[in-house]
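Shown below is the structure under consideration.
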Amino acid sequence: MSSIAQKKGFGATIWDFMTTVDHKKIAILYLISGGFFFLVGGLEAMLIRVQLATAGNDFLSAGTYNEIITMHGTTMIFLAAMPILLAFMNAIMPLQIGARDVAFPFLNSLGFWLFFFGGIFLNLSWFMGGAPDAGWTNYASLALASEGHGIDFYSLGLTISGFGTLIAGINFLVTIINMRAPGMTYMRMPLFTWTTFVASALILLAFPPLTVGLFFMVFDRMFGASFFAVEMGGNTIIWEHLFWIFGHPEVYILILPAFGIFSEIFAIFSRKRLFGYTALVFATILIGFYGFMVWAHHMFTVGLGPTANAVFALATMIIAVPTGIKIFNWLLTIWGGNISFTTPMIYAVAFIPSFVAGGVTGVMQAIAPLDYQLHDSYFIVAHFHYVIVGGVVLAILAGTHLYWPKMFGTMLSEKLGKWTFWFFFIGFHLTFFIQHFLGLMGMPRRVYTFGADQGWDLFNAISSAGAVLMAIGVIILLVNVVMTSIKNERVGNDPWGDGRTLEWAIASPPPFYNFAQTPLVRGLDTFWIEKMDGNKKGMIYAEPLGDIHMPNGSIIPFVISLGMFIASFGALYFLDGDKPWALAVLIIGLVITFGSMLVRSLKDDLGFHITKAELLEDAKGGNTDGH
Amino acid sequence: MMKGIKKWRLFALMTTLLVFLAGCGREEISTLIPAGKVAQDQFNLLILSSVVMLFVIIVVSIIFVLAIVKFRRSKMGEDMIPEQVEGSARLEFLWTAVPIVLLLILAVPTVYSTFDLADVSTMDVQAEDGNSSHLTVNVTGKLYWWEFEYPEQGIVTAQELVVPTDERVYFNLISADIKHSFWIPSIGGKLDVNPENVNTFYLEFDQESSELEDGVFYGKCAELCGPSHALMDFKVKSVDREEFDQWVTAMQEEPTPAEDAVAQEGQELFEQSCIACHATSGVGGTGGVGPNLATFGDRNRIAGYLEHDEENLKNWIADPQEYKPGNLMPDPESLNDGEPFTEQQLDSLAAYLMGLTVEE
Amino acid sequence: MDINQRYTPQSWPEHPETATMEGKNKFIGFWLLLAAETVTFASLFATYLALKDKGPSGMEFSAAGLFELPLVFAMTMILLTSSLTSVYAMYHMKNHNFKAMQAWLGITVLLGATFLGLEIYEFNHYVHLGFGYTNSAFSSAFYTLVGTHGAHVLFGLSWFIALMLRNAKRGLNMYNAPKFYLASLYWHFIDVVWVFIFTVVYLMGVIG
C-alpha cells in the first residue's frame, strides 16, 4: 500500500484512473478532458474567425456556421472552462483545508464520468447527423424548429454533464463545511477555497433550472409536449427565463474560482498577505448572491416592460461595487509587496486591466436603454469574451502554471510560459477590443457572413489576425506541456518558494492520503506562519501519527455514466419511429445504470486502513519532498 | 533619418485617423451616427457611461502601473519580506462609496430613459378627424423577411419600410414563426419580435434617407433565427410627411398592368405561379405568404441584401436556396412544370418585377 | 466504524444519523440536495402557473372544470399520514428498536403506494376525458409537475423497500442508520412538495 509510484503497465494505469476515487487523480482527469475540449472549442473559434475574415466569405455554409458557433459556446462553457476549474478545485481545495479527500470520493468520480460522457455525447453529434445549431442559449422557438437530432444531442448531453456538475458542487460544499482541519475556521480559509465554496453553492442552485428547461425541451421535441409550442398555448419566453436564471449565475460559477486563483497568485508572488481578506470574502459572497437577481438583464429587449427593465438594470449595476472592491484589494495587495514576475503572476497582472475593461462594458450594458443598442451586437461578443477570456481563461492558464508542480511534481517551463502569455495576451486584445466597435457600428452577432458595403471589413480582418496569435500561444503551451513531461525534473514541496497555504506544505504531488497527520491551523496563510516561525516541517499537527481510513476505488461510477450514455442514444433515436432497436438500447442503458446503482447500495463498501507502519515507511522513503 | 521619422509620424497619424473614422462606421447603420431621437438618447447614454467608465479605468490604471513599477523584486531585493498588511477599513469604505456615487450618476438617466423609451401612451391618441395622430406600423418577422402593414392606411409592404420624418412612428412587432429582433441601428435600439406576444415601441426618424450615400437606412434581424439570419436585412426610407402621404396614396391605387411586351409576358408567368404567395397590390393587410411586391421596382436591394439589378433578380428567382439558405420560397421547378425557369422566362419576370413601382 | 459492532438501546447514540463522519457528510449533503430539489420544483411550479389554462384556441379544459377535490383531498391525507408514520419509524430508530421501525416503515410504504395508485387512477381518468399529455401547454405543465412529484414518490418507496429488505436480517448499525434517516427526510420533502401541489394546483385551480 505504499504511495511511492510504482512502474505500472499502460493498461493498469488506465484502469487505475477509471476506478480512482482520489481527488488528485480525478483532478487530472478533469484537466485532461477539459483541456481536450478546450482545444476542440478553440478549433471551432478559429473556423469562425476564418469565415469572418473577409466580407461575403463562403468558407463555411450558413448551416455549418450556426452549428460551429453553437458548439463553440457550449463546449467552451460547459466542457472546457468549468471542468478545468473543477480540476483545480479538486486538486487544490482539499489540500488547502487540510483534508485527506473530499466528502464523497465515490460521487466525485461519478461527477467526473457523467460530465465526461455527457461531453462526448454532445460532440458525437458532429458525426451522427449534425450538431445543434440554435446558439449556446438554444432559444426555444428556433430550437423547436431545428431539424435533425442536433438539439436533442444538446439537451441530453447537457443534462448528463449537468448532473455531474451538480454532484461536484454538493460534494465541494460538504467537504468545505465538514472536513476542514482543526483550526481552519471559515475566516482562515484561503480565498480559492472560499470561491470554490461560493461557486459550488451557485452550481447547487443554478443547475436545476437549466435541467428543468432541458427536460421541457426534450419533452417538447420528443414526446409532443407543448411548453414552448406557441400554437398549443406554450410560451418560448419561459425557456429564456429558465436559461438565464441558470446562465447568469453560471458566469459567476466560472469567474469566482478564477478570482480565487488570482487571489492566491497575488499573495504568493507579492510575498504579502491579501489586503482586505475579509472584504474579499464578503465581496465573493455578495457577488454570488446578486448573481441570482440579475438574470433578466440578458432579456432587456424581450419586452418585459420598463419596470422590470429598470429594476434589473439597477440590480445589475450594484454588482459593480463588490467587483470593484475586489479589484482595489488586489491592487493594494501588490502595493508595497515584493513582486516576482513569474508566469502565473504576469497572467494575474494582465488580468486586472483586461477584466476591468470587461467589467466596465458590463456596467454600460446594465444601462437598459443603451443595451437596446448593444444587445446581440458584436459589442456583447466583445464584452463577454473580455470577462470570460480576460478573466476565466487567463486564470486557467495562470492556474495551470501555478499548480502544475503540485499536480504533477514538475514545473512548466517559465520561458515558454511567457511566450504563451505574450502571444495569447496580445492576440486576445487584438481579437476582441475591436469587436466593441463592430457592435457599435451595427454588426449583429451570430451572422455567418456580412456584406462588404457596411464598413466592417477592416475590423473583422484585424480580429481574425488576433485569433491566429491566440492559437499560436496555445500551441506553445502544448509544446511546453510535452517538453516538461519528457524532462520531468522533480520539485519539492514549495516550488515557487513563497507558498502561503497548506497545499505547499506537503509533497508535490502529495501522497494519496495527502496528510499523514492532520495539520493544526493557527491562522490565515498557515504555511507562511509556520515558515516565518522557523518551523522546518511547515506545519504543526493536530493528531499523533495513526491509522488512516481511506475509501476503496470503484468502477461503478464509470459504469453508471456509461449506462446513461447508452440510454441517451436509445432515447434520441427511439422517437424516429423507424428504429425499433432504439427502445432496446434505451432499456439496456437504463438497466446498466440502475443495476450498478443497486449494486452500489446493496454492497457495503467500508474502505480500508493505511497502518501507521506503512505511513512511517512512506516517510522514510523521503516522500515529503516528492521523490 | 529625421525625414524618415517625420514620414513615420505622418503615417502613424494618418493610420490613427483612419481607424478613428472607420471606428464610426457607415451612417446608414452605425449607432455612433444617430439619426433619430431614440438613437440620440442612447448615444448620449453611451457617451455618459463611457466618460464615467474612463474615469474608473484611469484610476485603476494609475494605481496598477505605479504598483507594478515600484514594487518589482529587482528593486525590492531578493530576500526582502514586505510588511503583512491586513487591510484598511477607511480604504474599503472609500472604494465602496465612490463606485456607488458613480453608479447613481448612471442610474438616474437609466431609469428615466427606460420609462421614456417605453412610453407608448400617446399611440392611440386620436386627432380631431378621428384618425390617430401618429403613424403605426405593424411589423411581422418571417423567415427571412419583414412585412410592414400600415393598418390606418390599409396598405402593406415588405422589406422596405417607408416612414415620415420628424414625428413619432409606433411599431407593433410580432413574429409569424421564429423569434426575430427588429433593429435599425442608426435610428434606435432593438426590440425582440416574439412569436407569442406583440411588442410595442416607437422610433423617430430625424433625417431623410435620400441624404445618405445609399439612400436608405439599414435594418437588421438581431436574434439568431436560422441559417439565413445574417441575410434577414431590411431597408428604411425616411421621407418628409408630404412625400410620405403621396407614397401612401400611390400605394392605395391599383397597380397598373405591364406595358411592354417582355414585361407582359412576365406578368402572365407571374400570375400563373408567383401570385399564389406574392401580392402585387399594396392594398391589404398582414398575412402574406411571401413578401408583397407592390414596390418591388423602387427597392434598394434584391432579397434584402443583393444589389438591385436584373442579374441578381434572375439569379435569385432561379435558385433562392443558393442566396438565402433555408428560406421558404418554393423550388422554382415546382412552379414551372418540373423545369427550371428558362433564361427567357427569367428575363420577362425580371422586366415585370422591376416595373412594379409606386414612385415616379 | 465497525459494521459488526452490536449496539444496545443504552450504547446507541442519541443522534445515530450524525454520529460518524460519513453520517455527518451524508446529512449535510442530503440537505443540500433537497435545496437543489426545491429549486427544481420552484421552476416547475413557476412554469405551471405561467401555462395554467393555456392551450390551443378553443381548448375545452381548464383547471376549474377539470380537478375534483374529494379524491385529491383523500390523497393528501394519505400522504400526510404516511409522513407521520415515518416519524414514528425514526423515533424507534433513535431508540434502537429495529422491529418497530421496520413495522412503521412498512405502514409508510403501504400508504405511499396507495397514494401512488390513486394518482395513477386520477391521471388515467383525465386521459380518458381527452386531457392527454400532448393536449395543450396546460396539460404538459400539469402532468410534468405532478408527474415529477409522483416519480419522487416512486423513488422514495423503492428506497424504503430496498433498505428494509437489505437490512432485515442485520438490524440497525452505525452504517445504515444514516441511510434510514435520509430516506425518511426525503419522504418528508416529498410530502411538503405535495402540500404545495395541493394548494397551488388543485385548491387554487378549483377556485379559479
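The first chain written gets the first letter, and so on, giving A, B and C; residue counts start at 1 in each chain.
Just so we're on the same page, a residue touches a chain if its C-beta (ideal position, glycine included) is under 8 Å from a C-beta of that chain, and two chains touch if they have at least 3 such contacts.
Quantities reported herein were computed from a predicted structural model and do not represent experimental measurements.
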Chain occupying the middle, per Cα centroid: A
Longest centre-to-centre distance from chain C, chain (CA-based): B
Intercentroid distance (Cα basis), chain B paired with chain A, Å: 37
Distance from chain C to chain B - Cα centre to Cα centre, in angstrom: 53
Distance from the mean Cα position of chain C to that of chain A, given in whole angstrom: 34
Residues of chain A engaged with two or more neighbouring chains: 234-235
Contacting residues of chain A [partner chain C, same complex]: 103-104, 166, 170-171, 173-174, 177-179, 204-205, 207-209, 211-213, 215-216, 219-220, 223-227, 229, 231-235, 238, 241-242, 245, 598, 601-602, 604, 606
Contacting residues of chain A [partner chain B, same complex]: 61-63, 66, 134-135, 139, 141-142, 145, 230, 234-237, 270-273, 275-279, 301-303, 305-306, 309-310, 313-314, 317-318, 320-321, 324-325, 327-329, 331-332, 334-341, 349, 352-353, 356-357, 360-361, 363-364, 366-373, 375-377, 437, 440-442, 444-451, 453-456, 458-459
Partner chain A, residues of chain B touching it in the complex: 22-26, 28-32, 39, 41-42, 45-46, 49-50, 53, 56-57, 60-61, 63-64, 66-68, 71-73, 76-77, 80-88, 91-92, 95-96, 99-100, 103, 106-107, 109-111, 113-119, 175, 177-179, 181, 183, 185-186, 188-192, 194-197, 199, 214, 218, 220-231, 305, 325-326
Contact footprint of chain A on chain C as seen in their complex: 1, 3, 21, 24-25, 28-29, 32-33, 35-37, 39-40, 43-44, 46-47, 50-51, 54-56, 59, 133-134, 136-141, 144, 162, 166, 175
